[in-house]
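Chain IDs A, B, C and D follow the sequence of writing; residue 1 opens each chain.
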Amino acid sequence: MTSDIARGRVIVEPVTSDVLRGNAAGDPHVRDVPVYLPPSYDREPSRRYPVVLVLSGFTGRGRMQLNDNPWSPSLPDRMDAMIAAGTCGELILVMPDCFTRFGGSQYIDSSATGRYETHLVEELVPWADARFRTLASRDHRGIAGKSSGGYGALVHGMRHADVFGAVACHSGDACFDYCYRGDLPKFCSAIQHAGGLAAWLKGFERAIHKKHDDIAVLNILGMAANYSPNPATPPFGIDLPVDLETGAFRPEVWERWLAHDPLQMAGRHVDALRSLRLLFIDCGTHDEFHLHLGARMLSRRLRELGIAHHHEEFEDGHMNIGYRYETSLPRVARALGAPQVAT
Amino acid sequence: MTSDIARGRVIVEPVTSDVLRGNAAGDPHVRDVPVYLPPSYDREPSRRYPVVLVLSGFTGRGRMQLNDNPWSPSLPDRMDAMIAAGTCGELILVMPDCFTRFGGSQYIDSSATGRYETHLVEELVPWADARFRTLASRDHRGIAGKSSGGYGALVHGMRHADVFGAVACHSGDACFDYCYRGDLPKFCSAIQHAGGLAAWLKGFERAIHKKHDDIAVLNILGMAANYSPNPATPPFGIDLPVDLETGAFRPEVWERWLAHDPLQMAGRHVDALRSLRLLFIDCGTHDEFHLHLGARMLSRRLRELGIAHHHEEFEDGHMNIGYRYETSLPRVARALGAPQVAT
Amino acid sequence: MTSDIARGRVIVEPVTSDVLRGNAAGDPHVRDVPVYLPPSYDREPSRRYPVVLVLSGFTGRGRMQLNDNPWSPSLPDRMDAMIAAGTCGELILVMPDCFTRFGGSQYIDSSATGRYETHLVEELVPWADARFRTLASRDHRGIAGKSSGGYGALVHGMRHADVFGAVACHSGDACFDYCYRGDLPKFCSAIQHAGGLAAWLKGFERAIHKKHDDIAVLNILGMAANYSPNPATPPFGIDLPVDLETGAFRPEVWERWLAHDPLQMAGRHVDALRSLRLLFIDCGTHDEFHLHLGARMLSRRLRELGIAHHHEEFEDGHMNIGYRYETSLPRVARALGAPQVAT
Amino acid sequence: MTSDIARGRVIVEPVTSDVLRGNAAGDPHVRDVPVYLPPSYDREPSRRYPVVLVLSGFTGRGRMQLNDNPWSPSLPDRMDAMIAAGTCGELILVMPDCFTRFGGSQYIDSSATGRYETHLVEELVPWADARFRTLASRDHRGIAGKSSGGYGALVHGMRHADVFGAVACHSGDACFDYCYRGDLPKFCSAIQHAGGLAAWLKGFERAIHKKHDDIAVLNILGMAANYSPNPATPPFGIDLPVDLETGAFRPEVWERWLAHDPLQMAGRHVDALRSLRLLFIDCGTHDEFHLHLGARMLSRRLRELGIAHHHEEFEDGHMNIGYRYETSLPRVARALGAPQVAT
């Protein structure tokens, strides 16, 4: 998207994580982290900017926010356009890589994957503050994301409201009974057909093309890795909400998942959520994972709890909705005190 | 399938039902019922034959068992071929029509649809015995079906073992947590998008082409009509397992569904099930509704309860598996004492 | 569709064909032919009726016109409803079976399949006149069909206007450059992958479920069997418009196909077409085979040739459009002098 | 793909084109061009490297070669891995942006899009030689691409063998009768439904999500823009191979397309093709556009013309085959004299 507008600059830097070193899933502890620096960054060398962590969805990682498509601009290109149009204040954007062998981390700590929640809060945030001219306080720091990234933003807003002052959650995982549970039998069948978890994962990793159904299976495996890890369970230290032998549902494992459902978590983090300068939640009304129902229930729950938030819906599904950042980031920028460029 | 083998004869007769008259769904109380009479029926006028009720799946009815396809013979054509080959004894097949506005009846009584269970047992069975030369006793009477028809066969085997002595269930509904529950959010969304149950159904009925997703929605509506009817609930006298307003799951309604799950029912009908001359259960290992998992759990449950049965699996999905009758009906015929024709 | 309207009667009779005996494709020469007799047929034993041959589409045969579906009535059920409503005069409908191993015959004579055109005109028509109380003259005899059946109706209207006085063509094959040619490379690849024609057909015939792509391949094979047969070409006596060795297009074979294209044929049968009492042509504007473009070009060509006809379009695709008979058959009945029942 | 291997560096630079300024399609004349510099580039400041232009497929542009995916590395990541493994010599890769409003340029000059062929040969090649330490001669300069990019590589190899000494064509457009012609009726229908070319394009550009069928339509429009431009034809200066009014095929326009078919072009550029140090052609045997048939015919034609080349096939379709560069680029590197790093 070359045009004559002022453009920001993207740096992709390897970040070495101590907390991810030697993680159980065998994923790298050095990660490429793209950072977007806004157009004025270089020409105003003493100015500091609010910073927002933008979290990718399941199977995603920060570099994918840079992916180009002639009809769907990358996140930096969208930022450039909004800043040029005067619709969004200047922000630094940090795009973490919390991808794992199991497709993702949900941005939380798990013995089966790694300490990704700790990595974000204790490593990436300080790194960004040290490396770039951020406004290094929670009132100027936000977190946003889509799908699993939206979930991560919500969770960090609940558990780390001292670190993040604004949250934007696009199509985030909520109401696990609706968004995951329906795929459990498909998961169970696929693993049984493959001859077990290890065999399934090996086949998946070998396949050049990952199929839609395979990703659905990986999704359940990934969520189990994050919500119900158990170092004692071979081969991957993961408890599953189905018995692979009999196919039976395992309610005791499912309860562990539900403890991570924002619908349940909200009540445990009322003060934190109330303290946010912005809590933005949206979802498409044709979300293939039915997350719009979860978002509505979450909004209703937040209202019951007296937690101010902004909830909206849009006419679309779950995929390829990067354009929704054009709705949320201007609000986040305003909440974090980013001055808009005069047009 | 014209060939030089001896062929049976199909009669399609209108049957007037007293118990269906004035049913709540507004469906007709006169139904076309096809009956297959085996090749020797006309030339051996004093001979009597075992009889099997063959129940259609959801959205089906008896006449559809006659549907022709050059590569997938109708049920009568399959019977002719098996009898000619000497692999199956001669049977009379009765193909009930228990279709309803909501897609089906599950072959049970419901205030929202009609008294289809009563219709089968108290009307159709006596009608067949009176109208055709059946061997009119439970030891010579069977019930078979596929999908919802397989479910119906199971339920009748449990509750009417005095009427039916053999049961064959192909890919029958079982483990409702797996086969229905995952579609609840899709159902909820679709009804909300349409503006309510009545609006949705009107749109569905008007559409010339029913889409795959629409049938999934109708399926949940149909199951609710059969498993959780409630004359007090407008507009259709049906309680739903989701709150259409909030989207929330309603566990108290779901419990009413589960009471109809063969996994739960089996334990309440142990003696009846033990009394069957044949209890045949199969399912494809790639069943799109995951019914193979339900069948395995049911088989395991039956073993726990000491109920003899035959459980097998085949490499296929849920649709277009009429050829499975070539596996079950010979067994049913044998169990019901139908002599095989010498080849 | 049991209701209290007067209903016609369907007879399915085996018809023995002399011209099909020993056909090259090995298909049976005795065929089940359903015949619809209108409601008054039995109670008015001296009355005679116009007769219409209704031709099935590719992979279809007469018995499939009886196939039941709760939301898409069979052809006899549609006739009953129209006659009861007074929108269509009473007709006898004859539903030929011209299915072949290669999916169909296009209702023409071919050394590779059989003499199906002769079978219709010289065998089935006289049989129907002898067996039923038809008005046995071309002014009271029509021919109609859908897809390949619509094509057959057109061709018979051109070549046998002495036999048929009215033609209705729904979504009939026309403009072969558009409806077939685009599938030639897919056909070529599939046959090459299978290791040749014989191997492909064997695999196709063995497969329990015929896939969409397989039918597309069979379609090209079937058209070649009908349009470019050649007894000298092994293994099936069929010349193909592609060279299976090099994959190259063979224009000399394609020219033989084009000679069968209604767009070309029309100019060779102007007097016959002008003599028709009705020439009805329609097609859906979203036809998956683009036949609406062919129908438009055919209509334009007919206008150029001064041939009266009725051309209309409807908003739908190619499949499951049996309801279009409710538009054409009333016109056919009127053209053939069938008196409408007073309502 | 952070790991401990030596990694190259990617620069994305805006390149200003004089020949594209004021192009008819209204596309920008400043383009972001990514350039991959191999691992040793910075530490060996006097060393020069062979250079390869890598051309994107239809709807693609250079920046998309950088797109990240956890299971399908970007082109630079693949290069890093191959160089580290010692399987490929070090190369500079230049990734042009020749995207247009109509989806692409086929890398040729057209009055309807712009002078992209001239842009590549007269602008980008000199720019790369001036800006980077290339080995600036045809014997050290290659061109490669996939799909439309593969086509572009072929065409440049034919017409600019003085500029490029090696060509790699993955799944390139060839045998236009097979890869495009079948989509003409679909194109015609879609444009008619939309109410004309301008209306269709407006709708396409407005749609947030571009559908598969829309891309097929754009593909035909794009090819017409490149193969049969005509400044006199409103609204876009493009002649179409179908008459949008009647739907009729226009053979005289199609002939203009065929003049661009590599199958026809090869015979006009025999000496150029013979002069290449490498002519590599491959295609997947399940190519959805049947390009494997075109590749085979092209290979056969090249053999007839006595043109040395390497033709191979792989078991895959058309999409997401970036891994094929791991087969071609090592050969290209060798042909261009890039020394392999010792492992």
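Observations, loosely collected:
Definition applied: a residue touches a chain if its C-beta (ideal position, glycine included) is under 8 Å from a C-beta of that chain, and two chains touch if they have at least 3 such contacts.
Computed from a predicted structure; not experimentally measured.
Touching chain B and chain D at once are the following chains: A, C.
In whole angstrom, the spacing between the mean C-alpha positions of chain A and chain D is 35.
Look at where the CA atoms of chain A average out and do the same for chain B: the two points lie 46 Å apart. Each chain gets one centre point, the mean of its Cα atoms, and the points for chain A and chain C are 57 Å apart.
Pairwise chain contacts present here: A-B, A-D, B-C, C-D [touch as defined].
On the side of chain D, the complex with chain C involves touching residues 175, 177-179, 181-186, 188-189, 193, 246-249, 285-286, 290, 292-293, 296-297, 300.
On the chain C side of its complex with chain B, the touching residues are 1-3, 14, 28, 30-32, 59-61, 63-64, 66-71, 99, 208-210, 316, 320, 323.
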